[in-house]
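Shared chain: chain A. Partners: chain B in the first complex, chain C in the second.
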Partner chain A sequence: MKKIEKARLPELFAALNETAALYLPADRDGVAAFTRWQEGVTLTEKLNTVRSAKDLFFPQVETLANFKTQGGTIEIEDAARQDEDFIVFGVRACDLRSFEILDRVFLAEPQDTFYKARREHAAIITLACNAPEETCFCTAFSIDAADPQGDVTAFLTDTALCLRANTEKGENLLAKLPLSDGAESEIAAWQKQARETLEKLPIQLDLSGFTGERMMELFNHPAWQPLSEACLGCGTCTFVCPTCQCYDVKDFKTKDGVQRFRCWDSCMYSDFTMMSAGQPRPTQKERFRQRFMHKLVYYPMNNEGIFSCVGCGRCLQKCPIHMNIVKVAKTLGGERDA
Partner chain B sequence: MQVKEKAIELLSSGKVSRVLGWKQGEFCYDLTPAVFESAEEVERSFVFSPLAGANLAKYLIAESRKEGVVAAFLKPCDSYSVLQLCKEHRIRRENVYLVGVPCEGTVDPDLLRENAKGLTAVREAGGTLVCDTLYGEKRVDLSAVLLERCKVCKSKKIVVFDELLGENGEENPQSTRFAAVEEIENLTPEERYAFWQKELSRCIRCNACRNVCPACSCETCVFDNAKLGTDNKAPASRFEEQYFHIIRAFHVAGRCTDCGECSRVCPQKIPLHLLNRKFIRDMNTLYGQYQAGADEESLPPMLDFRMDDCEPSAARGGKQA
Partner chain C sequence: MRDPLIPVVGVVTKIQTDTPDVKTFSVVGTDGKKPFAHIPGQCAMLSMPGVGEALFSITSSPTQEDCLEFSIKKCGCVTDWLHSITEGTQLTIRGPYGNGFPVDTDFRGKDLVFIAGGIGLAPLRSVINYVRANRANYGAVDVVYGARSRDDLVDYDEITNDWAKDGITVHLTIDREQDGWEGHVGFVPNFVKELAFDTSKTVIMCGPPIMIKFTLAGLMELGFAKTNIYTTLELRMKCALGKCGRCNIGSKYVCKDGPVFRLDALDELPDEY
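Up next is the complex of A and B:
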């Protein structure tokens, strides 16, 4: 365990940024966002960012290829992959779990080389939680927010930032920083208090009913209609979600060719999956159902029972009509047979 | 009579077959718009409080096309949206029963949560919100956590109703809602551009502003229309900064009642209402005072033509004739 006084955080960030480009959660006009560090950028006091850490690995928009036409020939230019190291500081335990969930999608064959390059070049410094909010429910997914992993784990107490390396990459990183020695015992009380708060979080979910065997029963559940009734069909939940991973591929005609890019898509949108055979899901009920069935049933069926929700609570905070995965899970899970 | 009791009475008496209202959430602030079909359902989960901020007017477009009569509770600013939608023949007036509810302002849940971290329950006690949080009890001044639109409330008058719960209020000509617009007008063009770029560059193009907007009721939005080639779902260029929100504001000009839903729902806290207010203010200045949704007869300035209308060049910043 290493440590640095809280007042010296700017010095630490400068030193981190010396080793590789540093990103950290900072306030931008009152909204916390992962921000490229520069002199003067300070760590937000907010618990979490509006947009998740996913954005640094799977950005909302990225160019895949450029097609240049000249006369009768087309030249195809592959877009560059991430080739420089970078550091993400301040990843919460929930967002860290989202990387595992995304890895199972993007790193399965055929691998997504854009995502893979970013994952390989990143060093992750997580930040343990000790003041969760009422919208947090990471405990439902057995996430220990008081002791997340990553390459390095950081614990911010009243007076100091304690840092513990978990990987070789983390060890190497800490060796380059102006830190003094610390001891596990220094965060023991802090961590105990954090766990006590985490244990009494108001949202307690029983997800045992969301199994592959019950897929059709859940799919045909009459509650989807009332649950989806007020849904506006916007993409807020999808775009603030750390695990949503659907995208669309589009071509943009430029002066002398075509730019092929991908951008996040949302199953809540009316034209989602329009490209396959022109049969997008007909009403908001089906679109809404897809999002939650994917998180709670389809993804776990394909991934050894792992849910693709991390309990970060962003959708609870941001949905314009306050409909969310907790209300869905309680409604459907609460009406289990037997 | 209280809102909930009225909902029960309307359903029990058979006067209406459905009631549009707000449903209890996990906490005190996360109410979801819902349609209630029985008195028992209302009894179980209907809630009305200063946290029922959502303007439910837009839901009446679809609800008024269903069989039977649907009742809706309207706060003053919701009533402007409803009357505007009736005027545009989007809501079928004969299928809705409107109950006006006086309003002393609605709460911004984000502001409340910032002031009462870990908020789980809240009760109102004479202008103070007593909050239960994960970290103990916290008292918050109600006036400090109102939504922006309520802090500068333009009117407490309910402009359309079949029945009123309590006394109707008045328009508020003293509202300072244009103050922020004036501030931006007084910037240089470069500063103004920088202001909007800073704000709009946060846009994640989730379309919440558009989808919640009662004035945005096109069957298919031009920005969703793949057949036209105008669909756009990626903040790929500077489209959001330079076009999307401005185009939307132009499209709703003269129909926007300034209900403030766009800013209320923006996950990135972009003050979108300022664009709409700028257009409202310009129309007031150039064509005379006009409030969309205030009545069912008047022609909106953008649809009206008078010989003494100003020339386009009269607009501030335009080339002078």
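Up next is the complex of A and C:
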């Protein structure tokens, strides 16, 4: 365990940025967002970023290829992959789990090379939680927010930032920083208090009813109609969600060719599945159902029971109609409202 | 390393007009060779940069060495563009995608009944021609094929002459009476019921959803087991790699776990196709 006094955090960030481009949660126009560090950028006081850390690995828009289409021939030029190391500081336990969930999609064969390059070039410094918000429910997914992993784990106590390397990459990184020695015992009390708080999160979910065997029963559940009735199909929940990974591929005509890019898409949109031959999900009920069935049933069926939700609570904070996965899980899981 | 989303350049070497709205395109790589090997029932992404990319089933048999063929109906952006081009035009191609039909396993030694409606013949032609090339590996083969009119029947000559020579029994039907048509008139589902095939045969079906639905009902009435019926699904696709999420039905991705499904497996999935 290493440490640095809280007052010297700017010095730590400068040193981290010396080794590779540093991103950290900072306030931008009053909104916490992962931000490229530069002199004067400080760590946000807010618990988590409004948009998730997935943006750093799976950006909202990215170019895949450029085509030159002159004189009846086509030339294809691959877009550049991430080829420089970077550091992400301040990833919360929930967002860290989201990377594992995205890995199982993007790193499954055939691998997505754009995502893979970013994952390989990143060093992740997680930040343990001790003051969760009332929308947090990471414990429902057995996430230990008081001790997340990643290459390095950081613990912010009243006086210091304690850092523990978990991987060789993490060891090497810490060796380059202006840190003094610390002991595990220094965070013992901090962690104990954090765990006590986390155990008592106001949202408790029993997800044991969401199994592959019950897929059709859950799919045909009468509650989808009332649950989805007010959904605007705005897609906000999918865009803020760290595990939503649906995308679209589009072409854009440039001056001397065509740029093929991908951008986030949402199963909440009507044109997501629209075909000239018909629409398999004709109303918002089917689209709404798809989002939650995918997270709570389909994804786990393909991934050893791992849910595709990390309990970050972003959708609880941002949905304009106050609908969210907790309400859905409680209604379908047969639990009474808290 | 090339990303699986990035295609290669292909050249359309031949365009054949099959019906008023169906053309068959022969595609090779820039080296003049077949772009890749495939299994009958698999698909490929064709695109014209700036127009878009779309998934098409490969119509040619894997035994065809010189090119890949695609029979494509004019019905939207990319298909409109394809129908407007001339031989020699370049496009992009990536693939093959999907599981394909179990031609070398479950189909071996079986009597096969192919049922196709309209453009649904395209993916089945790949299987049928594969079966013809390996004729000894399969039992009796019947093809039921229906279209709106005589003019909408794709590859009429190949079907009626070449296929028959390989001992394939072809049953053609058109939706409505037409001058000069001596064959069967009526919709595919009813025709299948009339033909009353032996229920020990393996059925491979492809066509518009409405045809599939009614034909299936007929097959169930005749007493066919779901484990003996195969069909293909068509959903909107973007990546064809099981990643963009678009073709997800239940725990399956049609682009990667399909497009071929055996009816008993399809029955366990939500009805969102």
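Basically, the second predicted complex is superposed on the first by the 329 of 338 C-alpha atoms of A that agree within 3 Å, B and C clash if a C-alpha of one lies under 4 Å from a C-alpha of the other, contacts with A are read in each partner's own complex, and residues count from 1 in each chain.
The rule is simple: a contact is a pair of C-beta atoms (placed from the backbone, for glycine too) under 8 Å apart; a residue touches a chain by one contact, two chains touch by 3 or more.
Note that this is a predicted model, so its numbers are computed, not measured.
By the touch criterion defined above, A:151 reaches neither chain B nor chain C.
In the superposition on chain A, A:248 makes contact with both chain B and chain C. In the overlay built on the shared chain, the residue A:260 is in contact with chain C alone; chain B does not reach it. Shared-chain residue A:114: touches chain C; no touch with chain B. In the superposed pair of complexes, A:320 makes contact with chain B only, with no contact to chain C. Of the two partner chains placed by the overlay, chain B and chain C both lie in contact with A:274. Once the two complexes are overlaid on the shared chain, A:95 sits clear of chain B and of chain C alike.
Within chain A, the residues touching chain B in one complex and chain C in the other are 248, 265, 274. Residues 1-9, 49-53, 75-76, 88-92, 208-209, 234-236, 238-239, 241-246, 248, 250-251, 268, 270, 272-273 of chain C touch chain A in their complex. By the touch criterion given at the top, residues 64-65, 67, 69, 72-76, 78, 105-106, 108, 110-114, 212, 215-216, 219, 245-249, 251, 253, 257-258, 260, 262, 265, 267, 272-278, 280-281, 286, 290, 293-294, 297-298, 301-302 of chain A touch chain C in their complex.
Considering their complex, residues 28-31, 33, 50-51, 60-61, 131-134, 197, 200-203, 226, 229-230, 232-236, 238-240, 248, 250, 252, 261, 263-266, 269-271, 274, 316-318, 320-324, 326-327 of chain A touch chain B.
For chain B in complex with chain A, the touching residues are 25-27, 29-35, 54, 59, 110, 113, 117-120, 133-135, 198-199, 202, 204-208, 210-212, 224, 226, 231, 233-236, 264-265, 267-269.
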